[in-house]
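What follows is a set of structures to go through.
Presented sequentially are two complexes of subunit A, the first with subunit B as partner and the second with subunit C.
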Partner chain A sequence: MQPLILKGSKSTPSIHFDPASHVLRLQGQSYPENASKFYAPVFAWLREYLAQPEGTRVCVDVELAYFNSSSSKILMNFFEILEKTAANGTSVEVFWRYREDDETSLECGEEFKEDAPGLSFHLVPLTEE
Partner chain B sequence: MRIDLHDLYSRTRNLGIMFCFSGSVSQSVIEGIAETLRLRLEFEERDLTVNQKVFSILVEQMQNIVNYSADRLSQEERVEGELRAGILVVGQDNNEFFVLCGNTISKEDVEPTRGRLDALRGLDREQLKTLYRERRKAASSESRKGAGLGFIDMARKASRPLEYDFTPVDATHEFFSILATI
Partner chain C sequence: MADDSIFSGEEDIVRDAEALLEANSTQVPSGAYGRLLDRYKRLFVQLQRIMRMADRFQLELAVTSQRLEELSQIDVVTGIANRRSFNTAYQREWKKARRDGLSMAVSMIDIDHFKRFNDLYGHLPGDVCLERVAGAIDSCLKRPGDYVARFGGEEFAAILANTDTAGAQVVAEKILQAVASLAIPHIGSSYGVVTVSVGIAVDMPPRDDPFDLTLLRAADEALYEAKSQGRHCARVRLGPFSPRFPPPLQ
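And then the complex of A and B:
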């Protein structure tokens, strides 16, 4: 299976989903004009990737400086799909990276963590250089 | 007709307006204004959390123009990249930021919009949080471009309840304006 690599833009995150290392990375900002349309190929890739039960460990790395409400819904769907995978025996670890001084991002991470209890969800502060 | 541009500019300054945009909104207009606003806010030396809230409310409001304004060049439903018009103002009053957004909507959308906003105005912070998370968890309805979370998200990020107003335009349209204070 090929990795999914999308270059980021002002309103779309960079996406680097690597089936070899089992690291799924989302970074940047997310407020596309049409979130469902933008994320459709991402979900298609994810479903195909998760369909092969490998009993392995999947690492999800999310570092979003901003996402709009439509993207929030998409992220919830994303975590729900991963929860099903986790329930089937694959270890799924999520790393939610937020800027230390950004309370909103921390709060969003805490809410996703509570709303996706089936995932091993870590809130990781990014310290400023 | 001649427009005294200096007068208009001075008046916006006197009203505390940092940004003002009126006309057709596209995704690239939203990105440009949002990114410029972010740079501008960094000079205000407020904490990042406040800046993020202003940024977020601006994006939600401008995307509402793109998704829901009745003032559009294309009459076909849901054409990607179509242009819809509205007006947006971002400013500072005393120690608060305000984001004001307006656009024309169909008369039939007035009461549902009023109902949704009034319902949110009656909720406290915890209730808004609960509602937001319930809606987000609920199955997504594919008939809408937005996730239906926009107003709740704005209400959560604003420091006071969202204020709104409707002004009749013609037999079938009203002008909808919404104010968020941060």
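And then the complex of A and C:
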């Protein structure tokens, strides 16, 4: 299976989903004009990846400083799919990375964490260099 | 394509609920309503979370936008209003004066020999000088309709609403004294300290007059007069629409 690599833009996050290392990384901002359309290939890739019967440890790395409501709905759906995967025995670890001084990003991370109690969900502050 | 909809969960619930409603009650498996309700409840909680997040981002954007709006009106060196803000205030006050039939005064205030000050002391002390002079001018403007901005370079502009020549001269005199009392040393000036010159223009906008910059031009002329007559002084020009006032003195 090929990795999914999308270069980020001002309104879309960079996406780097690597089936070899099992690291799914999302970084940047997300307010695409058409969120469903933008994320459709991402979900297609994800479903194919998760369908493979591997008892591996999936690591999901999210660093989103800003996202619109459609994108937050998509993240809810994303974590829901991962929760189902976790319930089926695959270990899924989520790392929600937020800038230390970004209270909004932290609180959003908390919302997603509470919404997906079946995931091992970590809120990780990024300290400024 | 339903899978690609971001609302596939909601759409599934609606479809299943419709199927339940259409089904004969004996065909409905036990617990079906409860399961449907549980799915709905989960999405309802999600919706609340999404709203809270959206509210946070929107609040943040509103605060940022407000802050940028404020910053766009302020001169970064002196902390007083900038030229952009002045243009808005000038138009507003001019229209107000025209509507209310009141006179309005504009003062152009320029630091004397400021180029020389910069050459002698450097640009950073020049900035400090600008900031202190701005503060001194600001402290002389106490009425609600009074307004001062950095007009550009070493020039400031004040608007005095509902003010006649005598009133504007009193304020100008205060400004001259306030700046001189800062006692900022200036060996390039014959006064030995930083001083300003003030050009005042007073006018009463006629009712049918469209907005223009006559008053500003008149204040600028008065300022040149003050500059050419020894600096550290104020001169007055009356605008062309001030019939209530005597013609300018020779």
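Here, the second predicted complex is superposed on the first by the 129 of 129 C-alpha atoms of A that agree within 3 Å, B and C clash if a C-alpha of one lies under 4 Å from a C-alpha of the other, contacts with A are read in each partner's own complex, and residues count from 1 in each chain.
Following the convention adopted for this analysis, contacts are C-beta pairs under 8 Å (C-beta built on N, C-alpha and C of every residue); 3 or more make two chains touch, one makes a residue touch a chain.
The shown structure was predicted, so the numbers you read here are calculated from the model rather than taken from an experiment.
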Does subunit B (first) or subunit C (second) touch A:Thr56, or do both, or does neither? neither
May I ask you to decide whether A:Asn77 touches subunit B, subunit C, both, or neither, giving the answer as first, second, both or neither? both
Check whether A:Ala40 is in contact with subunit B, with subunit C, with both or with neither, and answer first, second, both or neither. second
Of the two partner chains, subunit B (first) and subunit C (second), which one does A:Ser69 touch, if any: first, second, both, or neither? both
Contacts of A:Cys108 with subunit B and subunit C, given as first, second, both or neither: second
Once the complexes are superposed, what residues of subunit A are shared between the subunit B interface and the subunit C interface? 35-36, 66, 68-70, 72-73, 76-77, 104, 111, 115
Counting only contacts in the complex, subunit B reaches subunit A at residues 27, 30-31, 34-35, 47-49, 52-53, 55-56, 59-60, 63, 66, 80-81, 129, 133, 136-137, 140, 142, 145-147, 149-150, 152-153, 157
What residues on subunit A touch subunit C, complex-wise? 35-36, 39-40, 43-44, 47, 66-70, 72-74, 76-77, 80, 104, 107-108, 111-112, 114-115
Show me the residue ranges of subunit A that touch subunit B in the complex, using the header's touch definition. 10-11, 31-37, 66, 68-70, 72-73, 76-77, 99, 101-105, 111, 115
Note which residues of subunit C are touching subunit A in the complex, please. 3-9, 45-46, 49-50, 52-54, 56-57, 60
